[in-house]
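Here subunit A shows up in two complexes: once beside subunit B, once beside subunit C.
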Partner chain A sequence: MKQNLVLLLLLIVLFAACRKTPEVTITKQKWDLFENSNAVPLVATTRTAMEGVYTINAGADVFGEQLVLKWSYAIENNDTVYKLSAFGAKDVDYFLMDGKRLGDSILLSGNWRKLTQTQTGSVQLTISYSNGGRQLFSPSPIIQKDSIIARGVFGYEADAPTIPFSITYLRHLNSTPFEVLAHRAGGRTSDLLPYSENSLGMIRFASRLGATGVEIDMRYTSDGEIVLYHDNTLNLRLIQKNGLLGPIENYSYEQLNTYVKLLDGQRIPTLREALNTVVYETPLRFVWLDTKIDQPLDKVRALQQEFLQKAAAIGRQLQIVIGLPTEEAFNRLKQLQNYTTIPSLCELSPEQVREVNSRVWAPRFTLGLQTEEVEKMKAEGRRSFVWTLDEPQYVEQFVRDGKFDGILSNYASIVAYYHYAQ
Partner chain B sequence: MIKNFRLLKLIAIIAGLVSVLFKSEDAVAQDTLRVQQPYLFFPYPMQNKWQVSLGFTLTGMPEDVTEEVQVKAPVFDVHAIRRISKSMYLDGRIQTQFIQSYFSAGLRWIPIVGDRISLSVGDDIAWWYGKLNAASFRTNASGWQNTPNASLGYQFNDKVLMTLKGEALLNLKYSTTIAKEIVQTQGFDFSGVAGSIILEQPLGKKSHIITGFRGQYSNFFWQTWPLFETFDRRIFYPEFIVGFVL
Partner chain C sequence: MRNKQNSTMLIFLCCCIGLQSIAFAQTDSTKKAYKTENAIIVYAGGGGSFFTGKSGVPAGLNAEVENVHLIGSLRVIWHPGHLLHIGLETGSLRFYSYTIDNNGKKGTTQVDATPIFFVLSMPVNERIEVFAGTGNYFMQTKLDYQGQVKSNVRSIGWMVAASYRQPLGEHLGIGAETKWMNSTGTKDALLSLQIQLAWKFKLKK
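Moving on, here comes the complex of A and B:
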């Protein structure tokens, strides 16, 4: 009998040990034409004119019917780097491409990923002079339906791209004011993005995913530094194995900075580093500071003020709000002087939103569309954001039927798709 | 391709271990099966018209899905078998955590294959339902699943019955409603596979206990619906099974 039980246990251990750790590997394909020394970066007018909703002609079976194309920038190694993102609804498709002009043509080269899966691949597209290049290179481009056609190929994983892929310009992007808010600075670590959640790399990456703003999680270290970290404890879901356990509040910043690495190898950033990155290295215009701390908010408030001033000084239209997810955080805000003048975002009742004069009301999506209450907030000059909406079908419904001014999601790209394609 | 390879590797390893199990018990193996105790999972013709067990299951939720919200709530489990003929049986099961429940019913065919090995093949249809109306969470969800399955049984001695069971998991329909206005539906989907190893044996003089482990590798698990997980990739769910035969 004992032998049987030992073998049963062995089988269980074996079965558990066979768990597959999912991986996403992005392989950059070399394209000689794209690397040609005569290929030059695209100018701003061309980039802007290319943005729009496109119909997928070849490749619709893999990527769906439509894509939204939008440029973004980030400061990388002191250089402003522009990239063209494409967002699709099928499997939360997402493309990230570089663009160049070679002669009379535009070349686009990059990779695609299905964000809810692990599938990736490469893509190479060309817009010839006769298929849109002529309009895009003019100083005042006039772009209409069918005036741009990008043709090329895509491939799976590390394979050379050989499968036909083409898209045709359909219409302009929806320009209604709306915030596409990326959860945890851009997305969850478990979604296998190139950077860990709540990291500086992810903040820089957020706009590539279509985000106009980010939500970041704040916690105090034992010596009073505010850092970005979501969970209550150090755990292997977020950090590399190092032997440290327990609440992050038990460790000093120096200990965390010395011994703890996020899964992608980055350090846990301070709130100061995060806000500095937002202001100086991204086009993001909204920051939601999610309060996961049970101490006074004066340090948070001081940093909020400092970086709002820094953003204003360089002409950035940036909003930084202190999130109030709990009664405790709500009461902490009320302990600050002139709390009704402090930009905040309240997840509690509409009455509490009014009590502290929050700029934003943010109810949970499971409460539904709440159209009447959202309209009231709008009439009072407040905005309403809904969280955390990840299912594409729900995102579509909230964008189409709701009156919210923004959506917080782990998949900013799907929110961007439904908003811009509307 | 890689996924298939890993699955084949897993099946091969388990098959290898099972063969070791058989070999290790050769000395006590019997020429014919003489099952004289009550059982529910073991694929062998039953003497009783009805057989029922009460117990619970406990599933380890993957961190990718639950993150730090590690809900370790057991599921109350009622399992009943009804003999239709010597080789055909009705197999029904109710699993509930009260806010969410899973009801399954199916047919099981048990041919007599040989002296040492017993087999069954079956097909279950399941309906699950969940409802949460608390504070800012006003949702409910339900779905239909189909699980074709096959079991392989081996009797170690007069007392210990071991069953290896494999299942294919097919989602037939899934729908959720949020705040009575937002509705999501999803159709047919091959969700994944599950494998179980179950031991049924006496506990004391009059009782009989069922212990087992079930590993599910799928892109959906009914107990995770309130988490609205979005991963369209297969995730491993280990489940421990304990039951007492009535």
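Moving on, here comes the complex of A and C:
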């Protein structure tokens, strides 16, 4: 008996050592029609008119009953790149597609991913002239139920797409003002998104996931630079192995910049780089600066002011708020001059929200819907965001029954789905 | 690199399984002989270690990695009169170190650790003993690049070892030990070979 137990223990150790690290591989499938030299980018009116809630006809067993289609853009290598995202509720799936016009048809080509798993695949869809192309190409499209049908195929992993897939336009997107806030600049590194959390790449990617705003985590380096990093220590969950261990605050910016690479190969960005990316390279309209620092906030305030001015100068409607998650952060804000005029987001009590005149109150979701308090905040001209909601059924409940003005989530796409499909 | 690490570990574990099988193949009289012992044994060892993990140097920089270092161990084991013995272990080790040259700016990085483990051990025969332990590695990075930094973190981990001991008298023995050490949290691992001295302090029954 004892011998068997020891053997079992050794086998468990052996199994644990040989366990494979999960990976997500996105394989771009070649589609000759899509690559045709006559295929051209879609114009803005077509793109906007395509947005909506769609019923899934073929493929519902894999992707659920409905998808929300929404376009987003990001500046990539000085080019504005538009992508069509589709968000579903089943397994928190999302699609990311390019769109082109070829003759009288619209072609959509891209990939899908289930965020709660590692499953991916490709998708190719066509909207023919008779199935919506005619309306979508008109200068003033009038889109109604069933007026767009996209038909095509999808496939799993690197396989060529051969499984029938089709969607039909159901209704317009819910246009109620609402913030879909992506945690850690878009999502967690552990969810195997294409970019590391709190990175510039992830900030650019956030709107692809349906985010209208991002929450980013600020920390000081030993020489006073503010950088984006979530955890208390440098660790292999977030960075490539390099021998550097312990709190990020122990290292200077040059040391981090030279030695540390995030898991996807990017550098740890400074707050200045992050805000610059938000302002000039994304359509994001809200930035939540989560304060993970134990020093005065004047540098944060200076950057907030600078980039609010830069955003205003180019006509961007951008809000940047300093997050106050703790009493310490709350007291540090109060040390700044005219602190009641500084845009902030307070996670503490409603009384403290009023004390520092925070623009946003952000209670944790475990405290419930708090409808009465949220209504009071609205009456005072403040907004209320709830954090951090990841479970689809809770997201659905808070969107359906709550009065919150925004939800922070590691799965922005599921918040986007429930909000826009409402 | 990961395959290499797994292969090394596989061989090591097979050896341990082999030794463990030999241990259980002992006669009842042998077991009895060990069961009657009630003593504390202090093991002190020193030798060389070879880093078997992925050292992980910064991408895009020329780096020279040093995988072979000195290692020292101190272990105190209570033999309570059963086949299974328990005790504690600590020591000092360097997993790996490397130097970089970043356009003329030189930097050195050392990844050191002090393990503190709860250890179980079991005799295979009169000379051979196997050990397995788990606990924490108190890791320290020493970085010297545009300023010096010493930074600490705790990482869970484990070790397995097998030792051969030659008695030098009633209370003293000398031997050799091979040990696999793995810091799970930081994904560092090494294989060491150490010369070991053991002192036995008999306890009253």
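Simple rule for what comes next: the second predicted complex is superposed on the first by the 411 of 422 C-alpha atoms of A that agree within 3 Å, B and C clash if a C-alpha of one lies under 4 Å from a C-alpha of the other, contacts with A are read in each partner's own complex, and residues count from 1 in each chain.
Definition applied: a residue touches a chain if its C-beta (ideal position, glycine included) is under 8 Å from a C-beta of that chain, and two chains touch if they have at least 3 such contacts.
Here the structure is a predicted model, which means the values were calculated and not measured.
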Thinking of the overlay built on chain A, is A:Y411 touched by subunit B (first), by subunit C (second), by both, or by neither?
first
Can A:K261 be said to touch subunit B (first), subunit C (second), both, or neither?
second
Once the structures are superposed on A, label A:T233 by its partner contacts, choosing first (subunit B), second (subunit C), both or neither.
both
Between subunit B and subunit C, more residues of subunit A are touched by B
Taking the superposition on A as described, I'd like to know which of subunit B and subunit C A:S190 touches: first, second, both or neither.
first
Which of subunit B and subunit C A:K334 touches, first, second, both or neither
neither
With both complexes superposed on chain A, which partner does A:K145 reach: first (subunit B), second (subunit C), both or neither?
neither
Give one of first, second, both or neither to describe whether A:L367 is in contact with subunit B, with subunit C, with both, or with none.
first
Determine, under the contact definition given at the top, whether A:K241 touches first (subunit B), second (subunit C), both, or neither.
second
Subunit A positions touched by subunit B in one structure and by subunit C in the second:
3, 7, 10, 14, 18, 233, 235-236
So in the complex, the part of subunit A that touches subunit B is made up of which residues?
1, 3-5, 7-8, 10-12, 14-16, 18-20, 22, 91-92, 114, 116-118, 190-191, 230-233, 235-237, 363-369, 390-391, 393-394, 397-398, 410-411
Along subunit B, where are the residues that touch subunit A in the complex?
3, 6, 9-10, 13-14, 17, 20-21, 24, 63-64, 67-68, 136-139, 156, 159-160, 162, 178-182, 184, 195, 197, 199, 201, 211, 213, 215, 228, 230-234, 236, 238
Applying the document's contact rule, which stretches of subunit C touch subunit A when the two form their complex?
5-6, 9-10, 13, 16-17, 20-21, 24, 54-59, 61, 96-98, 100, 102, 105, 107, 109-111, 139-141, 143, 145-147, 149, 151-153, 158, 185-187
List the residues on subunit A that touch subunit C in their complex, please.
2-3, 6-7, 10, 13-14, 17-18, 222, 233, 235-236, 240-247, 250-252, 254-255, 258-261, 265
